[in-house]
């Protein structure tokens, strides 16, 4: 069988999708996480349920939404509630299994900066800010991050902690009393990083053809290689077909 | 009951004043662009503009010089990128700001709408924003001793809320994404309701559970079809994603923004003219189509 | 998605245990009498029965010996008078109780449903109840120093919630008086949904804003028409005011109550038999008639 | 013109209705207060708006409801919301002008007992308890009480303060910081009591034919007569017609 061709985004979507479990309740954003959830629903996690921070539960959009507030998410969904309700009844109450997070910087302990590069009061680059991520990172049972593997995205410490991973590591997160378990995996175009017992992100899987050196060079801290670091299974023909033909035929995100 | 019907320009003139804290509500959905444009046209100044997501509307109002300060929790062009005018003003130190997460922002409205002096939230472990914004405080849970984070009420001087249908008394029904429509209306001192469709009181009374905003908190009812464009009104017209993408280009320079404002705001008298100027192709592209709710029976008691 | 459909007797057997804190919700409307009767039939004991308004249902359950304690905020037969069985048990010192105002009771559910360790309320100046119930505490507002009264979350072991229509996954739509239906469902550890009408998922999806309880918090879905009698289900059947008046007589003696329970609870297998036994004249008297909601358009995007 | 006949309940309803103002937002219970509000709407306060603690706003019931949760209140109403919302968004927020209160005991300073006769922990008579009245008494702009004038209903001090009037009088209420102004009038079958500047209920009006001695004998504290105590206008033919023919034709409450 000839090897399948796929691009880095497809690779990330497929690997993120595989992290999701059947019956997971997922707090999801647009773009790559949205594709990962829908791919999981079409493959191994048919009962996965998606919640958008705009207050939409069980969306069945007929098109790929540009924003998480798109009208196509509402029509035909199971339930729509106010923003206060979605953050209290669903997220703070503990009804969310999985959150997807992103940001300009993710550090060694999985803390995320989506707020500012430079000084907060005198910003060098002013980023959008938290939105829902401060609470998602704290209160979802587990979190995933999907991002290209670049040194500037993975500094040793973020300039600003918009949302937390494991803070400075050890039991620092646990001591805050937040209910969620924190980031469980960071999926990049090179592989997958997961927290070790100290909360430090280490390389636990590499995509086919990727070397540890490549990953280390593109990480802002001395990246450790997990014992038994795996090679990910390449995307299957079926996964790629669903992605390309059904989910994103116009290739907006992939 | 006396009708509260008035023109949008009269309502803005009467209820919005220089220096006011304005909350133009709507999470992606129902953003009252027409009201923002009227505020620009009337040349209001020194406003404090609060919204969870400032969106293109506040980018335009900041560019037009209406604002002294923004209060927000996500300052982006959803799905596209930055709000370039606000971002440049912030980076240049030309605009004050006050920042929250979505939940803490909305909790401020919940406190305001509920008449509470503060709302508690569970800790998130993220303390950087808390240390930058003195409105975040902490309170010890008297049952366990653990600390919760609290925020004070947000009481806008005026809330502007767009809804799908309302009667002339301001009893308003909203569906689709609800965002903070209802909380903004109950929290604010004055409420301007912009309405896609004015309906008979009997329509409202046929489905009272759909009425999220009662007339008794509403000061002005303005009939403004297509008020929300380029955002959208569920069931009435689509979101103009093309314009959200186009704004990313327009907003790259001060000049192109001012040209936009000249053509689409200052150069037009009202929303009807704006909608007409968009033209039939845009109208057609933004048609909503029909998917009706199954009725429910309230019973004839 | 797997169906959660089950019989009411199986659901009670699986999810309600001796000693549980049970919240059978519904403010006047949608009170799940059929579920209470099934709890009586299954002989459950030592329950803590929480409801803002215990209503006739808890009067019957207390009389049947199911309860160790009641938690309430208004212990009356609405519009009629006392709940005689509970009142006698309290006056005789045979039943524990914990008491709130409506607002503090519902605030406990709001805290439970929201995952908060407490909910604040403005002071009412009335301190007698506060001094009798140690669950009331005070917290200083960190902005003004003024004290607010707080209550802890109420997390029922099981909530029983009756709704007008739901799909087999438990996505539930409710209209009419909403009471604490939604908060009870989100606050509780387990949720038994009793449903007047099981509908296709497409009906639910035609009006998502009407879905107040999502299937993801529901454990069992039981199709129980007329579950709420002698209370009512808006649009399906009327409140049986005659029975509310009759209960005032029935409940005057222990003997007549036990005779009632024998005839209408122990002596019947389920709600279908109960409804049939009520007979055609009662059915006719309680007909709801038709007043349909005007549909709304969600748009075909 | 022959004098009109009317009973004590009709007298109380009519006098309570006259206290209501156009555009008042009233938090209302069933029975007499409900009749008073509807009478006011039909006469001088057409824009009066009624809110039921069950969460119903703008009800237009086609029958007299037995309970405040009757389905006839919902059908054709303007808005229905949850109980939490009605107590927060309406009452605690300050959107309610008028509350009606009742109870087994009302004392010299307008404090109300609806909870217990005797000791709370060992009740002689266990009453229903607060329901919504603790908050209504505190947060409505002004409150009215409608009750028969009997000594056992008007003790000098209540056994239990379910909801407050002016506490022990003076500025005691004000010092609690509650937003509402407290009881503004108590309408009985003998007349009207209102608080004096110290918060003590004194007789400010007598119904036609009633003597001060009658009122004093039926009050549990040394009742004071207000300077300029008025005689109430008797019910008009039109008021009685609306009550008897339109509002309560079956004479359930009158």
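A, B, C and D label the chains in the order they appear, each numbered from 1.
Following the convention adopted for this analysis, contacts are C-beta pairs under 8 Å (C-beta built on N, C-alpha and C of every residue); 3 or more make two chains touch, one makes a residue touch a chain.
Please read these numbers as outputs of a predicted model, since none were measured by experiment.
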{"item": "Any chain in contact with chain A as well as chain B", "value": "C"}
{"item": "Distance from the mean Cα position of chain C to that of chain A, given in whole angstrom", "value": "40"}
{"item": "Averaged-CA centre spacing for the pair chain C and chain B, given as whole angstrom", "value": "37"}
{"item": "Between chain D and chain C, distance of the C-alpha-averaged centres to the nearest whole Å", "value": "29"}
{"item": "Two or more partner chains touched - positions in chain C", "value": "115-116, 121-122, 146, 175-176, 178, 182, 209, 234, 238, 288, 291, 298-301"}
{"item": "In chain A, residues with contacts to at least two other chains", "value": "56, 70-71, 74-76, 80, 92, 139, 179"}
{"item": "Topology of the chain contact graph, where touching chains are joined (line, ring, star, complete, other)", "value": "other"}
{"item": "Pairs of chains satisfying the touch condition", "value": "A-B, A-C, B-C, B-D, C-D"}
{"item": "Interface residues, chain C side, partner chain A - complex", "value": "1-2, 113-116, 171, 182, 186, 201, 204-205, 208-209, 211-212, 214-217, 298-301"}
{"item": "Complex interface listing, chain B residues touching chain C", "value": "115-122, 137-144, 146, 148, 150, 152, 164-165, 173, 175-176, 178, 203, 206-207, 209-210, 234-236, 238, 288-301"}
{"item": "Residue numbers on chain D that touch chain B, as the complex places them", "value": "25, 46-47, 49, 56-58, 60-63, 70-72, 74-80, 88-89, 92-95, 139, 179"}
{"item": "Complex contacts: residues of chain B adjacent to chain A", "value": "27-29, 52-53, 72-76, 78-80, 82, 87, 90-91, 93, 99-104, 106-107, 109-110, 121-129, 132, 146, 175-183, 232, 234, 238-239, 241, 244-245, 288, 291"}
{"item": "Chain D residues within the chain C interface of the complex", "value": "30-31, 53-56, 65-71, 73-76, 80-84, 87, 91-92, 115, 120-126, 128-135, 137-139, 160-164, 167, 173, 176-179"}
